[in-house]
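The following pair of complexes shares a single chain, chain A, combined with chain B in the former and chain C in the latter.
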Partner chain A sequence: MAEGIDPLELMPVSRMARPLRALLRGWAGVVLGFLYLPIAFMVLFSFGESRTPGLPFRGPTLHWYQEMLSNGVLMEAVWTSIQLAAVATTLSTLIGTMAAFPLVRSGFRSAGAARIVFTLPIMLPGALIGIALLIFFRRALGVDLSFWTVVMGHIVFTMPFVVLIVSARLQGFDRNLEWAAADLGASPARAMRHVVLPLIAPAIVAGALISVTLSIDEFVITFFTVGPQSTLPTYIYTQIKFGVTPEVNAVATVLLLGTVLLLGLAWAAAGQARRLSRIFGRRRARERIG
Partner chain B sequence: MSVPAIELVDATKRYGTSMALDRVSLRIERGEFFCLLGPSGCGKTTTLNLIGGFIPLTSGELRIEGQRVNDMPPHKRNVNTVFQNYALFPHMTVEENVAFGLRMARLGSGETATRVDEYLALVGLEAFHDRLPAQLSGGQQQRVALARALARRPAVLLLDEPLGALDLKLRKQMQVELARIHRQVGTTFVFVTHDQEEALSMATRIAVMSAGRVVQSGTPRDIYYHPVDRFVADFIGESNFLEGVAVRDGARSYVRLGGGSTVDAPADAPPGSVTLMVRPESVSVGPAPATNGEASLSGRVIHVAFIGNHTRVTVRTPAGDIVALRPHSEGSASSALDELLDQEVCAWWSPRDSTIVAHGSTEKIDERLV
Partner chain C sequence: MVDPIPASHQPRARSNLTRGWPFLPAGVVLLVLFLLPMTVMVAFSLWRTNSDLDVVPDWTLDNYIYFFSEGTYVRTFLKTLIMAAAVTAAGIATALPFAYFLVRYVGQRWQRIVLLAVIVPFWTSYLLRAYAWQAILGEKGALNQFLMGIGLIDEPSRLFVYNDLSVWLVLLYVYFPFAALALYTALEKFDFNQLNAAQDLGARPDQAFRRILLPQIRPGVITACIFVFVPILGEFLTPTLVGGAQGALIANLIINFFRGLQYTTMAAFSFVIAGFVIVVLVIFRRYLRVEDVVARG
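Entry: the complex of A and B
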């Protein structure tokens, strides 16, 4: 039985069960509406003709998307965000993947504690990290805020995700495969390249994609650590001071689309990792029986 | 004598204070099908891992084809392993798995393809080049692992309980296959197992291990009929043990058993306190021995069990219980044997079929493994 639900579980236990269930279904709809209606309106208004977004809706038009593309300052902010995401993701994927190996494999006594320390920034408030970094850069290091300070700010909170995802994958990795590679004449470096990396690649890709989406969206830490340039989120923030224009709606819609796309890819990559680990799981099960 | 394929001299492996391998010396000749046999934790897999280079020796020496390889990393050793769980690379096809070791040896692509074909044919998997390991059955994965290890044409092939994960029928089939492949390629095989039947049926020589030491090594026949001690006798097949005192009286020697009875002993029995061993299939049960000169004990049949191809008869004698295994010949239907229950009978065997064994280690063998 795949994902089927036992019909018995759906059997009403009291007369009130059926109407209650309908009520709950309605409530779930209200909650979902609360979550997604604002986003739906934002998308809708980005296609509206009116300069001040609102109902009744007139359109649709792609006018604001054209405006967006011809807005030099906005495009520069987008370009900065893309560069920032690319650099921060590359570095945090590299560092995070490398950190995952000793965290999982070294077997040193405080590995569990070390993993918590490594992943704690996920749980810390962004404002706290932002202020701490700002003080650190300006007062402790005495450097000017720039593209590189914001890169470092982004690494602080994207790297933990890479560590989490890659170490989960490494945890389920069958060390026998590395022995087999060595047995068949592969030096440690070649075993890493031909056996270990291809098998943990889905997790690395998933970690990288999540880093990209986090970095593109991040406002708070960027706000505290960025230099004179603006990124997409900080640009939107400054625009909103002058009132919400449909142009901002258009930008946000594009951002939404991009984020959903990347998260979809990350999910697919993680699924690939799960599929492979299921194969390992079966193998381990056989080993236990045998 | 020629240079042996593998030579262990006082090989010792210690983990902290526990001794995994205690001064083991072994000599495995080229072309042998050598079996390391013993219960779990006896050091047989440790021995294999030492040869493969996956764990370092604490002391002693390991030579492969005469060359000392104590400190050589596994990827430089001329041995290959079939792992217990096969350890096939799940992201590679069957063909890529078999080619992996050849690629690592930087063999040309033409030669690699020829070898892959050759060894997949050897294990009967010609039609499976493009499958992924997950798409194969356990038996097929096992064959891929075998082809992958053999394709490098190593001096020695190491097999770590490779049949353990297969069901009984497949296991029997693979035993026959392995013996054929060994004859065909002529490579030295070192095979680790806890299954005595597997060892007896395939090996040219067996080393029985216990508690980190080699207790006895020899041909399957040697070990089965002349075990050095009770541990070996117990581990390999079923045995009857009779405690007693051996007495030499001129040319004849006999053993005085508990309960006052005496039986003839094998000619080489040393005088003194001994344990006499006789295999159940060597024991006959009936009203009286058919010929003179047999060792015989009388007693009462307390149990008769039909076990398919044989019937197992247990006779309680003053010297202890004796188990006899009787094949079903045409004349003796099992129903006739059933009538033996509670009868007073004689159990006898030829003294030549009995052996004096050392008391040996009395440690209990893990029952799961027997």
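Entry: the complex of A and C
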């Protein structure tokens, strides 16, 4: 992306500018080091021979990766986490996207109040929400904790993210587009499908992605609302409490690698899509005109 | 923005989605899974636990009085507030230069990559990231090995972990990305030519920074503060993992009462925190834009 060079940036505004810049660059390095130091150790110990993580490092070995794959309990926990994230995200994306429409468009006088209500489940400590749900399920409703109680627990804090993100996008949405579609004879459903949804899709996807991320790693609310099964975070917690083995480091490393790969792919795909759309966009435009 | 079509020309038949019904599922979820459980908790906080550990619906303020009459609890609460403030201050102090550097001196493409690098840690287990600090700060940890290696200390020190300082450091580690993202979003909108202009007109760099830049990024700074300060009020995992006996925060007390089946006391303590959170959110509601922080990258 070549941006035009700003002539003002070239002027030495102050003699301090250059050293300041070097200082800031160093600081950014320190910050990134700080962020990745524990992750580096986490990954390192997944390849270590020793059962208890510590230095000096002996290895490398893939022993813990083999152990991880043959550990039925661990694999089941991973599978539960994936199912949980999938179900909770699907539901909260659906419910949250629907809710955003009347919230933005019906001219609610209490839209500000609604914002606070949707922000509360995000900002209130998870321990509070988890305990409140546990008491509510067990004492008030008298139901047993199960996979579905955790799903509900997760929806409580993932759905508000979807609502807020999709609402933000809808607020900037030019309704003339929709009205134009209606003028041209589109039914409301058709206008929704072909005009509105494609335009707010990035926000819906962003909301869903955040929902998956949060759900997969959520420990506190899960801990209080989960039945006999364990999810990956609750399994890791038990391991940390009662003697962790590098197997969990191996899982975390695989998860991290998987995500980075996925992100990389998405990145490449987005770039590719941009290039393609530039080519095809021009061709399609020409066809339409011609 | 294009001029809106005048109201008289807008189609009368509004699409189904503009009516209220799509809000219904979300409303039910909020009501049944959030507001109702919270109401039950409020009720619990005003009831009492009998000697059989059953909750008895006798209305009383005893649970709250108990909290404020016991020195240890009030001290732990104050300590939690101080801890949250200290982490927030450190978070802003570390994230502001970082975000400033990113916005001002790094090209678009690299900005996105570095931002992604700040977000990626969220994709790994919170528990394992916090736990990994034990391998750095612990008795056999990297820091001790390093200090012994360069001959600064002779034997491993136990001073680096299981105290308030280690809790502070790990909390800073966990919440830094929120601060960085909120500040980045604010700085991104700032036109840096204004700084140059101010200096052209005779302002010193620090004056330009204080009087031109800071006022314009204030909403972002407040968002960053809330996103670091508020969650720490309910933190019990990091203190459990790296805090030891000394590092307990208020939420650890809540968990203890929960384990001890003292549900009414627990509920009252929870609402002392919740009340605090709600007051902060209501005061700063104008500035709080959750989507600015989480929907980046």
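Everything below uses one rule, namely that the second predicted complex is superposed on the first by the 219 of 290 C-alpha atoms of A that agree within 3 Å, B and C clash if a C-alpha of one lies under 4 Å from a C-alpha of the other, contacts with A are read in each partner's own complex, and residues count from 1 in each chain.
Convention: a residue touches a chain if its C-beta (ideal position, glycine included) is under 8 Å from a C-beta of that chain, and two chains touch if they have at least 3 such contacts.
Given the structure is predicted, the values throughout are model-derived calculations rather than measurements.
Of the two partner chains, chain B and chain C are each touched by A:182. By the touch criterion defined above, A:124 reaches chain C but does not reach chain B. In the superposition on chain A, A:194 makes contact with chain B only, while chain C stays out of contact range.
In the superposition on chain A, contact of A:174 is made with both chain B and chain C.
Look at A:248: by the touch rule set out above, it reaches chain C but stays clear of chain B. Once the two complexes are laid over each other on the shared chain, residue contacts for A:112 go to chain C alone; chain B is not touched. Between chain B and chain C, more residues of chain A are touched by C. Of the two partner chains, neither chain B nor chain C is touched by A:22. In the superposed model, A:261 makes contact with neither chain B nor chain C.
Residues 174, 176, 179, 182-183, 191 of chain A lie at the contact with chain B in one complex and at the contact with chain C in the other. The touching residues of chain B, when paired with chain A in their complex, are 52-54, 73-76, 79-81, 83-91, 100-101, 104-105, 133-134, 138, 148-149, 152, 161, 164-165.
Interface of chain C with chain A (complex): residues 1-2, 4-5, 10-11, 13-23, 25-27, 29-30, 33-34, 36-38, 40-41, 44, 55, 94-95, 97-98, 100-102, 105, 107-109, 114, 116-118, 120-136, 138, 140-142, 145, 173, 176-177, 180, 193, 195-196, 199-200, 205, 226, 230-231, 233-237, 241, 251, 254-255, 258, 263, 266, 270, 273-274, 277-278, 281-282, 285, 288-291, 294-295. Across the complex, chain B is touched by residues 174, 176-177, 179-187, 190-191, 194-195, 198-199, 276, 279-280, 283-284, 286-287, 289-290 of chain A.
Chain A meets chain C in the complex at residues 1, 3, 6, 8, 11, 13-14, 16, 21, 24-25, 27-28, 31-32, 34-39, 41-42, 45, 53-56, 94-96, 98-99, 101-103, 105-106, 112, 115-129, 131-133, 135-136, 139-140, 152-153, 155-156, 159-161, 163-165, 167-168, 174-176, 178-179, 182-183, 188-189, 191-192, 203, 206-207, 210, 213, 217, 219-220, 232-233, 236-237, 240, 244, 248-249, 252, 255-256, 259-260, 263.
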